[in-house]
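Have a look at these structures, which come just after this line.
Both of the next two complexes hold chain A, though its partner changes from chain B to chain C.
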Partner chain A sequence: MFGLDYSWLADPAYQNWLVTGVINTLELAALSSSVAILIGMLGALGLSLRVFWLDALIEFFVEVFRNTPPLLQMLFAYFTLSTLGLKTTDPVTGLEVPLLSAFACACISLSLFGGALAIEAFRSGLETMPKAITEAGRSLGYSRWARFWRIEVPIASRVCLPSLTNILTNLFKTTSQASVITVPELMYYAGQIYNDTFRTLEVMILILIIYVVLVSILSYGMSRLEAYLTLPGYGKGQ
Partner chain B sequence: MKRSEALIEIDNIHKSFGDFEVLKGISLSVNEGEAVCIIGPSGSGKSTVLRCINGLLPIDEGFIRVGNHRVHELRSEKEMRPLRHQVSMVFQQYNLFPHKTALENIMMAPIQVLGHERAEVEDRARKLLEKVRLGNKADSYPGMLSGGQQQRVAIARALAMQPEVILFDEVTAALDPETVKEVLLTIRELVDDGLTCILVTHEMKFAREVADRVCFTDRGLIVENAPPADLFDNPQDPRTREFLGQVL
Partner chain C sequence: MNMTFELSYEGKKRLVIGGVLAAIAAWIAVDAMAGGAEHWARVFVRLPLLLTGQGDGWPITGGFALNILLSIASMAVATVLGTLLGISTLAQSPYLRLPAFFIMNFLRNSPWLVLLFAMLFILPFQVEVFGLRIPFPPFVKAVIGLALPTAANLSEVVRGAVQSIHSGQWEAARALGYTTPQIYRHVILPQALRRMIPGWMNLYALLTIATALATVTGIQDVLTILNTSLAMESERVLVYFYLTTLFLFFAYCYPIAIFARRLERAVKGDNI
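Right, the complex of A and B next:
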């Protein structure tokens, strides 16, 4: 059809690469998203404590990781973490190898990038918290920490869920940049396949479809979560 | 420790917000089982007094004792915890947690803060819902309840802490006239049960019927403090007379 040749898809080696690529992409996305959400919550909690030096530190972190290209961050992590002396000797080959694999570097850099964006999202959620809710929590004897986890996070995360969906879908797509530092995820194997087969257009169309499907599943899941968490009488639940 | 036998003792407290001095030396003592109403114009410091009693606001100067707790000496939330157990508060805007059902709102703090056993707390919470006549609303979220119903859940939530004192902060001010009645009825029953209550209110008729004593505050001071019959029928201070002339 349209002169497109997909006969290479019958080759088990390429099928295997695609499957491995998808699995690695999913792993990378799941790991870095989870850590990013955690960083976002802790960062927003830190900001809510209103401690001068902590505020400055978190603001600096957010500015650096939000205002630089994620690709640069990933290359930076990959090359600096290995040259900073984080090396180990491979017991089998006796060669000196970086302690952190390319996958680990990609995971760290994506987590920090997503985390910086998530801090802003959670912060905006916490800032909409009515003072009355905080006062009720205090008058019932909740400590700062307990109030944060048991009252503020459940309410704020509902408020910031739409922007969190944006951040997570973006983070998912950004995992493709890990191919540059040789993480064998979907984009990396796509390159391998078209270098082998010279079927660039066909491979790109297929990869595009795979990304559309994967990210659609993610955003569908998030919209279901949003519907599930909607509070009767508030927002969409009215 | 105690200067008098009163359950709550407030002596000459001062509190400023920036340059504005809200409380200019308030003194008040409340005995166990007493219901005291605080009335007065807006901005006279009524709600601020309540917030100082349970330590939500730190005072600048003065002495506050509730039971065995010297409130003005408590510094951290952790030190406040035994006080929170003894003193509950009900707010003008109900302040229920919107992500929890009525029953869960009542059960949360006794389990999570006081560490009471879940089964026992649930039993207590259901009885309290019955008491405020909302036994059929246990699984409703605050957003599904009317203002009056939410406020009665908030009262049940305050009672679930098994306090010795409840502070009511203009609890009917945000309600429709027809739901005011059901909330006042609930509070009246608590007063009749002998619970110590301090109520900031604009409901003069209610204050007159339910209170053992009424305090009139104006510009950061308690101007007059008397049994309701005396204060309403024979006010001594010209400012009290002027205020009552406007609202009655």
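Right, the complex of A and C next:
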């Protein structure tokens, strides 16, 4: 079709690479998304406490990570953490090896990048919270933590689900950049395959389609979750 | 009477951020005294190379200047494409609307890096139109590769802005006998433009950040220079180069982000 040659797809070795790549991509995305959401929640909680120094520190963190390229963040993390910093001696070979693998570095830097975006999303979710609701919680004797966890998070997370969906899909797409620091995910194996077969165009079209399908599944799943979690009066239930 | 100097909440916050910056400056100074100074000297010598791609700083052939040029060119292409795409998703005819939706979602769901890579191979080296040869150098491919996802994101912004215009405007224009293109041209877009600007600027900052990816096309952008021309520098010095490059991006994008946020607040309340 269109003069494209996909005969290499029949080779089990390449199939294996593709499957491994997809699994590693999913793993990287799942790990960094979970940590990013955690960072986002903690950061938004920190901001809601209205403690000026915490507020300032969180804002500094968010602005730095939002306004620099994630690719550069990843390269920097990989370079400083594994090449210069934390090293350990391999007990078998006696050689000095980096303590953190490329995967770990990618995971750390993606989590921080995603976390910075998530803090913003959760913060705007918490800001839309009507004061009467938190006051009602306070008058019922909820502690600050209980109010946050039992009242604010359930409502705010529904309000900010659409922007959270954007952030998670964005983070998933950004995992492809981990290939630059040799994390063996889908994009990395794409390079391996076309270096082997010289079918650059065919490989890239296939990889693009795989990514679009994966991201579409993610955003479809998030929109289903949004519909499932709808509370009357908040978010889509408005 | 309380004689202590009272600061507002924002003022205190600014003080802490100033403190953080001072701490970073102090750390740099301490590090410089402990031997970092010569590393910084290397960075200073190489700064023209990072900024313009030339050791002397002139003529401009690459570096961070190329990233900015790339972002401006891509944004220009993306603005045209994104507006057309956004209006197409609002078209009455399903033959225009559904393909536009498909293209928008496809581009929005594909990673920038993968799309850039794919464009590198999908686009030919040159196209021949009426015997005229138009070459596609890597720079043009990078412009198109970055413009496509930006256009898809911009089409959402355009869509939202057009939809936010009161339907009375449409009805009034129709009653006056305007055709649909005329309504867009003379009534809707001029009003929607004001609401599009914050989103447009946010996207521009995002695009500038994404120009770092253009290094895969092989153009001499700041990251390519960092990875190739500076390979002879020692490992330790490279950390300082990375920090400098991160700062360059931050210094360019942060003011844009701040300005966009201000505009957003200014536009928020207005209902035409």
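Assume the second predicted complex is superposed on the first by the 231 of 238 C-alpha atoms of A that agree within 3 Å, B and C clash if a C-alpha of one lies under 4 Å from a C-alpha of the other, contacts with A are read in each partner's own complex, and residues count from 1 in each chain.
Note that in this section a residue touches a chain if its C-beta (ideal position, glycine included) is under 8 Å from a C-beta of that chain, and two chains touch if they have at least 3 such contacts.
Remember, predicted model here, so these are calculated numbers, not experimental data.
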Open item on the list: Is A:S143 touching anything from chain B or chain C once the two structures are fitted on A? First, second, both or neither.
Closed with: first
- [ ] Tell me which of chain B and chain C touches more residues of chain A.
- [x] C
- [ ] Answer with first, second, both or neither: which of chain B and chain C does A:T80 touch in the superposed model?
- [x] second
TODO: For A:Y6, decide between first (touching chain B), second (touching chain C), both and neither.
DONE: neither
- [ ] Please indicate which partner A:Y220 is in contact with in the superposed arrangement: first for chain B, second for chain C, both, or neither.
- [x] neither
Open item on the list: Please output the residues of chain A touching chain C within their complex, sorted ascending.
Closed with: 50, 52-53, 55-57, 59-60, 63-64, 66-73, 75-76, 79-80, 83-84, 169, 172-177, 179, 187, 190, 200-201, 204-205, 207-208, 211-212, 215-216, 219
- [ ] Quick one: which bits of chain B touch chain A in the complex? Just the residue numbers, please.
- [x] 54, 56, 77-78, 80-81, 84-85, 88-89, 91, 93, 95-99, 108-109, 112-114, 140-145, 157, 161
- [ ] Over in the complex, which chain A residues touch chain B? Could you list them?
- [x] 130, 132-133, 135-136, 138-144, 146, 150-151, 154-155, 158, 231-234, 237-238
- [ ] Could you please specify the touching residues of chain C with respect to chain A in the complex?
- [x] 9, 12-17, 20, 105-106, 109-115, 117-118, 120-122, 205, 209-213, 223, 235-236, 238-239, 242-243, 245-246, 249-250, 253-254, 257
